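Going by the order they are written in, the chains are A, B, C and D; count residues from 1 in each one.
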């Protein structure tokens, strides 16, 4: 059993993480942390009936329950202090809080190496999305002909999506340069062939009902290879948080980005 | 058994049609027509061993075998004369030759009505493609949010495809006007949101390996409806030719377009 | 503006319908009905701030606001009485309550014809799902080779889904009988070729993350036609309720099943 | 420029390989080998006008043109002798001939190590199919919930396909054991839930029009990941042969299976 603490357990992400830890058969929730919570135990809160877990107000108290892993979904200023504290106390941090500065990341990484404490800071915990990007990058080395179709709900303002752009960048690092399509192709209606990114095409579909989907489609002589990720709701990041908790205790330094654990 | 004659049996389409008629259990091939063929019977040609069917050089000879249906894959000038002759002789024409003029079509239709002879002239015999367009049109009456993704091999010069434009036109006739996507959406890369057709979006994908594919994707609150047609090779039009042969003998005039038989 | 009343406005479906009516630019909510609600106006309830709409306790009071349409999401016993009352008062019912008996349906239909009052009773208001089934049925007349792949979350107990079975039944009515696949095909692992329904194959996929999806896939010589419906959440039925409200006022009798309005 | 020889240049695969080498800008075709061909140069054959390349009748003559790579699409008995001869003469073999015995493979591998000659023997050169299997295996380590849908033309006798079984085996090596679907799920029609392979489900679709397609579909909380390969015709293997030619000259032994080069 891996002993886990959750800091920021009252926020949306932190609450979901707390429930995941409670439900996971390999994890034991040894405490949660929130300086502004008045109750002393989780089971005093309506949604946690039956979970006799201490609520700490001060991070120094946490050491008493000897956590192996410190999950952090707080705010940037707090996350930096928390992560530093966790490493100093040989607790492996798994941090989903975004907004840490380059300097902070660099300093925390150095500290983790000195103390040989494993940890993970990740802006994105969606395992499926990370695998999609890794697979797309690998395939792009063999199939330079590729187009991205990303599909989102119609309240999204930007096109293409950040994930599409990141995928295209990753493929661009390994892909043989070429401009796809026939050299003399013509758009009868402007925009039909999509956006151009380094010779690859990106198409953004926006429809009500959709959530967040991306399809990376490769073509070769007589064959096609397609990699698709569908995100149906925000709970999808929990597979990645659980994976992080299992992996960090075997590391000897802090890593940045879930992709480095896959 | 429906008695069928094939005019233009030596061309690519005509040859495929000839084989289809020979293989179809409800059809009897009673003759083929080509003014420049020297042999007298199909079985004298290498690819038709065992098919003892007369080859006619002159269309007037055709009447002797009393065909019910006249399949025509010739050239425009010949097709017009052939179709006129067929109607006058109460043989139902199924014409895949393209290039007849409006005047010719109008005149042939009038003649067919006078003589009460059914027939079909169609630029496109792909049943699946026609159904896709009909379904898309019907769905567009209920779901105004729709995008077309059409995918073709990378030797195609034009984007969007003719089928995509025709589908969009058909949907436009019944669709409640609206511009899809968020009113303030922004393209970070030009073309990401595709081509605009009357507020609908069309995306053209071009990749080696692909043949001819189209996906019409509708979105509504909490749901999606997708209609897709895949064309893998040119043989796909034969389902439509066979259907035409079965239907025309029950009609009392010439119709234009396979969609009017479905 | 169509004047709408909602009976059963406090249940899950009724509450969603109430919000839909409030948001729809062609509808005016003229009242809601619940015999056990103590408040007198919607705006006295937390979730309806700003909606000054009367809450009726007794269905007889409803007449005073002259609704055109009566949406009903109550319970069977109540729904029968409500629908009868609505018809007698020339208010067109749109009923989503399930469980009415054959006798009740028959009696209500007769009454509606006598009084020439349009109405709709439907067990399923998902427009996209109904269109998918209609399109599948139409295509099955031309393409006897068809397989259904239905995909649901992994808490679903039954396989195939009710929608898959209904779709297969509808296709079976028009499809030329045939057993798909090669006559000598062999299953190396039992079940690989799926369930058999009248010669057609049905495959049930169950995975976490999925909600409710169905793909009807047709094959012909050189081509394929696919019709897919994705249901992402329960709100998807509201498109159908709104459609029902718009259509019933132009009918002169009660119809059963949304498919009869499409 | 890599100098390439093709043995078995008159067979279907060998002829396609010969054309690929002639067209590829990084390859020079220095000769072809066939003991029974009477002509002396490729350009004496109708389909190779303009290609002044020697046709060798005896493998010993090949050494004179100093090939770097020896492509072999012959028959097993010949392929073994050819591969042995190539290695002994420090020419890297790329062998697509199937049917070599375990002993032969083992002996050739040992020889290649002694002489430090790189080479490739592969039963399957479809890069896309190999990548699909590799990606599926990697994803199965994180997503134990997975189903395979494989789709083929309706002349295929066996279900599931060999590729589906191989994919399932590869996933099984790394996947956390579990039986998918609800523990109490019931098949209303036998076979609906597909074939079982170690707790995973496999569904085989057979339709006219299709060629060879496979979709590996993973589900996790709130998300899905899908990997799909479409094979449209047999030319798809040439991407892999070209890749083999580029890679083997940098190896110092014979490898078996294209997957070991990706």
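Some notes on this structure:
Everything below uses one rule, namely that a contact is a pair of C-beta atoms (placed from the backbone, for glycine too) under 8 Å apart; a residue touches a chain by one contact, two chains touch by 3 or more.
Just so it is clear, the model here is predicted, and its values are computed rather than measured.
Listed by label, the chains touching chain C and chain D alike are A, B.
Taking each chain's centre as the mean of its C-alpha atoms, the one that lies farthest from the centre of chain B is A.
Centre-to-centre separation of chain A and chain B, using mean CA positions: 50 Å. If you average the CA atoms of chain A and of chain C, the two centres end up 38 Å from each other. Averaging Cα coordinates per chain places chain A and chain D 36 Å apart. Within chain D, the positions touching two or more other chains are listed as 209-210, 218, 220-224, 230, 232, 236. Those residues of chain B lying in contact with chain C across their complex are 126-129, 131-132, 135, 138-139, 142-143, 218, 220-236, 238-239, 243, 262.
The part of chain D that touches chain B in the complex is made up of residues 209-211, 230, 232, 236.
The touching residues of chain A, when paired with chain B in their complex, are 145-147, 149, 151, 154-160, 165, 180-182, 184-197, 201-210, 217-224.
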